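Heads up, the next two complexes both have subunit A, just with different partners, subunit B and then subunit C.
Let's look at the complex of A and B:
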């Protein structure tokens, strides 16, 4: 299915929720809507579904204008962040309800198959309230999948689940999306989730669509600082610098050898992903000596906040490491791993990625 | 220590029960005594047990028709109240429209007005329209008080249901009437029960309107009961029996909705 949004804008009273944007979804693929809360992900999704009517602009599905067509007459499926099921119906009836409404054949076996796929088979005769959160969300997913709608919208479906369950369900979802032929739109606040789901990513920030493209492409070549910031977790280190010949001069006299063409002014911002900073030196790295201010362990990664000559930076190391607070630390940076943005925040030069990335 | 506290508690409970039940007990007690015993002696239980008073009520058409009339207009009123209040409450809970909060409050102000205020307009209007002494006349008069109450109660229950359920149903392809009856109403059935109960109770005990707007054909039991005063004095026994029978429907309804009422109180809308 081809979904095209043309100059879509959404205003509620005096507040603008979405600034005019154009978006053509890649059919049959997963599109991740990435952005912080308040970025307009849910608003955009509701417009796609037809739950809300845009203030201006057109929603076009397969070359037909469907702007203002009520959601009942569109063929979409949606899963919410909250676990939304029909509380008075059993799990079976919940999953079967879109099928029953369309009077489809062999409902029984189809519900059974879906329940099996999502591991909720033993609970088919229970009420949703008698299930755990993860199971309830599986029921909601099963109901959305049952419809086999050409457009499937998922609004942060995993955010209310615990860590383990989220990983497990995300893997299953990736497989389900790959197996199906629907166009999937998946909203999330987490850059890692976007990378894991792959497909295409649309980066939203405060009601604006900043960039849309293949996920890896957007990750590697963010158009601007805002995209890079939205697509980095922990936040990207942004350092003010000055262009001088084939190098960027950073605060504290640190010289970052990096040639950039087509810069209009010498004021630039250097962006360094936390994972680009390392503890081990190699031939081409430049050293950033500093002091550990804070070290925290998240999952199997260690985040170190360090005060260095170029300012405060955050570094991410894989594995669990111990750092004394206040201890001296030297961080090493491959110059070609840095992003360079111009004074307006547009990308001047992106790192060169080798096959490892 | 423990035992003394236990005794204190028991004593308090017994006292409470005595005070709460005594008036009702006394009425039941009276309804089984002959009139001579009622007026002449003090007895805690009927010395000469009799069912004559109940017999009178169940055989005298002017008595039992009072019950039938009351039940007819109360049932009409409850059904109409709910049918009107359900969509109204849904609109108030789901949509925002110009002046929605004012209209909601204005509805409630109807409840704040004493029934007597509306008595004269209703009397005049019904006389002109020829609605006097009909069941529907009383039922409609009571709507002025019951619809706002039902809307208020139901709106509270409906706002407790996430809006996403409505949207999911539309996405699934439910039409509005089908969604409302098969998915939404079951979710707020305790609210419907509580609203129905309050409509029933108000309409059942309301005397002023019911008596003024009826004369013969739709005369309610509360009005019939005032008839027992005659030249030969009060017929205490029959009055007490009628009183007992008046409590019965209310007691039955309370029995059915008792759990829901607790829930309604917890939601802060009763």
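Let's look at the complex of A and C:
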């Protein structure tokens, strides 16, 4: 289905929840709404679903204006953060409910197939309360999928689960989305989750839609510092600099060889993703000597917070590495891996990426 | 400060018969004086039960708890001389920050000069010196939790400080600062710290020694790199890292080695067992080509551009094998047959879930 939002705006009393925005969702694909809490993700989803009517603007589905058409008259499936199921119905009846409502055929086999896909087959005769949190959310997801709605909206569906369960369920969902034909909208606060889901990403920040495009492209070419901030975890290192010929001068007298055309002012911000800082030098890298503030270990990666000549930075290394607090460390940067933003925060130049697929 | 020794089991049921009847299966464990320990595992693994047994909130159904050789099993929490920090701030809103920090000392009749010196020191460590005379009521949640931490640390004579998911209420971007504080404080005060969490980042970053628990059993005690490089149990390999370790079944005869049924020509030394499980992390497998006789043949089922690397999911004779591939390497296509080398210095071998080589 084709969902188009035209100059959508949402105000509640004097407060603006969403500034006027245009968004044409890519049909049949996953669109991630990425942004911190209060960015407007839920507000936007409620407008898409028809739970709320926008203050101004139009919602168009397959060339039909549906602005103001309530949710019950639209074909939409929703999954929320909280595990919402019918408490007095068995797992089977929960999943079957949208099918029964529409008096559809083959209910039994369709529920079985979905339960199998989501690994809740053994619990079909139990009540939701008898299941763990992860299993309860699987039931809610199965019910939403059973509906086979052309539009499926998921509002941070995995946020209340522990990280191993999230990993597992996210994997299953990505595969189910890919196999289905629904247009899926998935809200999250986590950049890594957006990248793992793939598809397209719309970056929201304080009620504004900042950028929409293929997820990896938005990640690699953020239009502005605001997008880069919202789409980096750990945070992108942002350093004030001054353009001087074919280099940017950073704090502590560090010179970053990097030319940018079309800058209107010499004041710039250099953005360095944590993964661009390396522990090994090469002929073209610049050195940033410093001291370790803390090494955070995530299991698969080590995040080193270091105080350096250019200011405090975070570096990301694959695997587990031990660093003592206060130890000396030198981080190396390939100059062409830095972003340069102008005085207004707009992207002047992005790193050069190889596309090898 | 104390060395804590556990030699116990705990069942909430009266007559435990099977393994499932135990919240904690029989275990022997020593927490060394001045060490920083984390108890890590999914919900229901027994970590909170263990913490409550150390604090005295729960009396073990079998066995003993010793502090420096003295049996404290029958002692109440208040008789054990321990400090506890909980998930949510436990402070007096009507008191100032200084009065809150002084409270545990005042209660024990410590002299005013000593109280002043100690409160000053703890406030400085927590960077709260400027807020000492402010009322606690007006502070933000993370500042309140810092006071709770300070109250846990203020007494020099405590035998251990026990933390139960203390960073739950802290904003994600502030968490690393508190983790750093806790690490600094631990190296300065040399108190015995025991820290319960389900978050691998928190456990691996904070503790010198992490106790990984599942289904009432402590399956490994080790440093972050021990857990990453040499998981003693397949659960640890799976639980630590995102995604976790790959596991493939292997068979051996006197002349051949089969991995998932594929015959492998390799001189790599493997265990002297007919059947075992091979474990290797996605970070340590390499994409190679048909000429590599030591590689398994796999079919790519999913490719994810995670921005800073690619995650390639494949199936090897029905088993999932994931590889983390650097962005500058060639990325295989969906459905492509690839060759993946799984034998190197990082490969682990398991028999009945336990590391054998």
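Keep this in mind: the second predicted complex is superposed on the first by the 354 of 357 C-alpha atoms of A that agree within 3 Å, B and C clash if a C-alpha of one lies under 4 Å from a C-alpha of the other, contacts with A are read in each partner's own complex, and residues count from 1 in each chain.
Note that contacts are C-beta pairs under 8 Å (C-beta built on N, C-alpha and C of every residue); 3 or more make two chains touch, one makes a residue touch a chain.
This one's a predicted model, so the numbers in the text were calculated from it and none came from an experiment.
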Exercise. Mind working out whether A:108 is in touch with subunit B, subunit C, both or neither, as first, second, both or neither?
Key: neither
Exercise. Pick one for A:295: touches subunit B only (first), subunit C only (second), both, or neither.
Key: second
Quiz item: So, A:264: does it touch subunit B (first), subunit C (second), both, or neither?
Solution: neither
Practice problem: Check the contacts made with subunit A and report whether subunit B or subunit C touches more of its residues. | Solution: C
Quiz item: After lining up the shared chain so the two structures overlap, which partner does A:196 touch, if you call subunit B first and subunit C second: first, second, both or neither?
Solution: second
Exercise. For A:76, decide between first (touching subunit B), second (touching subunit C), both and neither.
Key: first
Quiz item: Does subunit B (first) or subunit C (second) touch A:325, or do both, or does neither?
Solution: second
Quiz prompt | Partner chain(s) touched by A:273 [first = subunit B, second = subunit C, both, neither] | solution = second
Quiz prompt | In the complex with subunit C, residue positions of subunit A that touch it | solution = 162-164, 167, 174-175, 191-192, 195-196, 198, 215-216, 219-220, 235, 273, 275, 293-300, 303, 305, 316, 318-322, 325, 353-354, 356-357
Quiz item: What part of subunit A is in contact with subunit B in the complex they form?
Solution: 49, 51, 70-72, 76-78, 80, 82, 84, 86-89, 97-98, 101-102, 143, 147
Quiz item: Given the complex with subunit A, which residues does subunit B contribute to the contact?
Solution: 162, 164-165, 167-175, 183, 186-187
Quiz prompt | Residues of subunit C touching subunit A in the complex | solution = 42-43, 173, 176, 179-180, 183-184, 187, 198-201, 204-205, 223-225, 227-229, 238-244, 281-283, 302-309, 311, 324, 327-331, 333
